[in-house]
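Following this message is one structure expressed as structure tokens.
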Amino acid sequence: MNNDPMEKIRKILDESEFIKMLGIEISELDDDHALGRMPFKSLYLNPYGSMHGGCLYSLADTVAGSLANSMGGNVMTVEGKLSFLEAAWDTQYVYCLARLRRCGSHLINVDVDITDDNKKLLDCGNFTFFRIENR
Amino acid sequence: MNNDPMEKIRKILDESEFIKMLGIEISELDDDHALGRMPFKSLYLNPYGSMHGGCLYSLADTVAGSLANSMGGNVMTVEGKLSFLEAAWDTQYVYCLARLRRCGSHLINVDVDITDDNKKLLDCGNFTFFRIENR
Amino acid sequence: MNNDPMEKIRKILDESEFIKMLGIEISELDDDHALGRMPFKSLYLNPYGSMHGGCLYSLADTVAGSLANSMGGNVMTVEGKLSFLEAAWDTQYVYCLARLRRCGSHLINVDVDITDDNKKLLDCGNFTFFRIENR
Amino acid sequence: MNNDPMEKIRKILDESEFIKMLGIEISELDDDHALGRMPFKSLYLNPYGSMHGGCLYSLADTVAGSLANSMGGNVMTVEGKLSFLEAAWDTQYVYCLARLRRCGSHLINVDVDITDDNKKLLDCGNFTFFRIENR
């Protein structure tokens, strides 16, 4: 039996073609935070040449959801708001840091910050997750 | 000279590989609403077998943004919140209806409802756009 | 035994000094919507002479929460976003229409529109509620 | 001529009966953050005996808005989402820390954390402000 949360999360993410297509990887996963990244590719651009908001939201939802999922049980996203502060371009990767704000028996709240190679803040957001099965 | 808003929007969307990859199409575009759809493909699934939240957010941002863009000038998304009410599966398309709630000289507010083939409500959200250039 | 939802809600609201101080009243309460209003008083103004955002949010949370509460059990607000479209002034009342978007066994989602005497849209928002006790 | 931002903000807040009625005070105001507090009074309670969400939102909007206003010009709240993590009771004050996430020429983004006397996190949120007049 293996209880390594990182292994559990990697197995889960590996089952989604969408997450693999976006190239999202989780590099850190802890009790209170997760860190992930997504490469900058021309495939992900909006009509203005910067990264599409839905692409950045996909990264945020995936990294925040990985953190929520690592708390035990299975979680679904209830809602999430993302604020687009600066356009994402001229960077090799975009990084998403997810921080746990509350972990209840049913409801989990997670903040996200998305930054570029130069640690410039691009987007910030907040997500609510619901734990379907108890631990 | 051509002022058809639908033609302007289709040209804009056609410049994004991401929007084309998701297969998002706009079918209605009016003074107060826009309607779009996205096919259900296994490529868009999350690890649980339903459509990834970021994929649905991409649809919402694109359809709401098309409506905002059709008001004149160029717009950028300031922020958007999406609530995930029901999982999207067992449908051929997901549809997004965007409704204009306010159109100011700088700020534009748009509501979105995402439904399936049976008109079941899957997601609802609200987006703020900022008009970069004046009309 | 009395199962009139309006009576239940009025009893609940009557226990809050804050709601009474704001003069919030519920006039309609149905399976899928609730309608409430709040008088415009100089006590509720922000430094710019229009109604304070927190005052409008209090109305929205109270009317949306009354609708959620009428679904059975007791509910708490998980989160709520309000968009401030037009300043509230020169009106005798502000009105809040809450519409049920989803009622699950645990999670309830409600949209709100706030309008003035002339039915002009002032604010729109969306709230998530969590049902603490089951029906 | 006086350019002290704290003095400007205190003068502005002093013009609102609502803010004075809630007893909101700003104690710190800097380039990147503001700190405020509100006393816990039975007048502010919801029907369940904890602080009404609209009351906490009023604190958040006021402290975040004070920070945004201190950046120059006059600002209006575009939208704000607050997540209610823990009920506010058994505390003498609730405290709101507002952090600047982005300050553009038109759009200002601010995060808020609300805590109790024991520094327990009660609520977190994010607000967008629009600068009406340029600096």
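Per-chain numbering from 1; labels A, B, C and D assigned in written order.
By our rule, contacts are C-beta pairs under 8 Å (C-beta built on N, C-alpha and C of every residue); 3 or more make two chains touch, one makes a residue touch a chain.
All figures in this text were calculated on a predicted structure; none of them were measured in a lab.
Visitor: Tally the contacting C-beta pairs at the A-C interface and at the A-D interface, and name the larger one.
Guide: By the number of C-beta pairs in contact, the winner is A-D.
Visitor: Taking CA centroids for every chain, report which one is farthest away from chain C.
Guide: The chain lying farthest from chain C is A.
Visitor: Whole-Å distance, chain A centre to chain C centre, using C-alpha means?
Guide: 32
Visitor: Using mean C-alpha positions as chain centres, tell me how far chain C is from chain D in Å, no decimals.
Guide: Centre separation, chain C to chain D: 21 Å.
Visitor: Give, as an integer number of Å, the spacing between the C-alpha centres of chain D and chain A.
Guide: The mean C-alpha positions of chain A and chain D differ by 28 Å.
Visitor: Which residues belonging to chain C are in contact with no fewer than two other chains?
Guide: Residues 78-79, 81, 83, 126, 128 of chain C touch two or more partner chains.
Visitor: Using the touch definition from the top, list the residues of chain C that touch chain D in their complex.
Guide: 12-19, 21-22, 42-48, 52-55, 57-62, 74, 76-84, 87
Visitor: Which residues, counting only chain C, touch chain B once they are in their complex?
Guide: Those residues of chain C that touch chain B are 81, 83, 85-86, 101-102, 109, 111, 121, 124-126, 128.
Visitor: For chain A, which residues are in contact with chain C within the complex?
Guide: 78-79, 81, 106-107, 126, 128, 130
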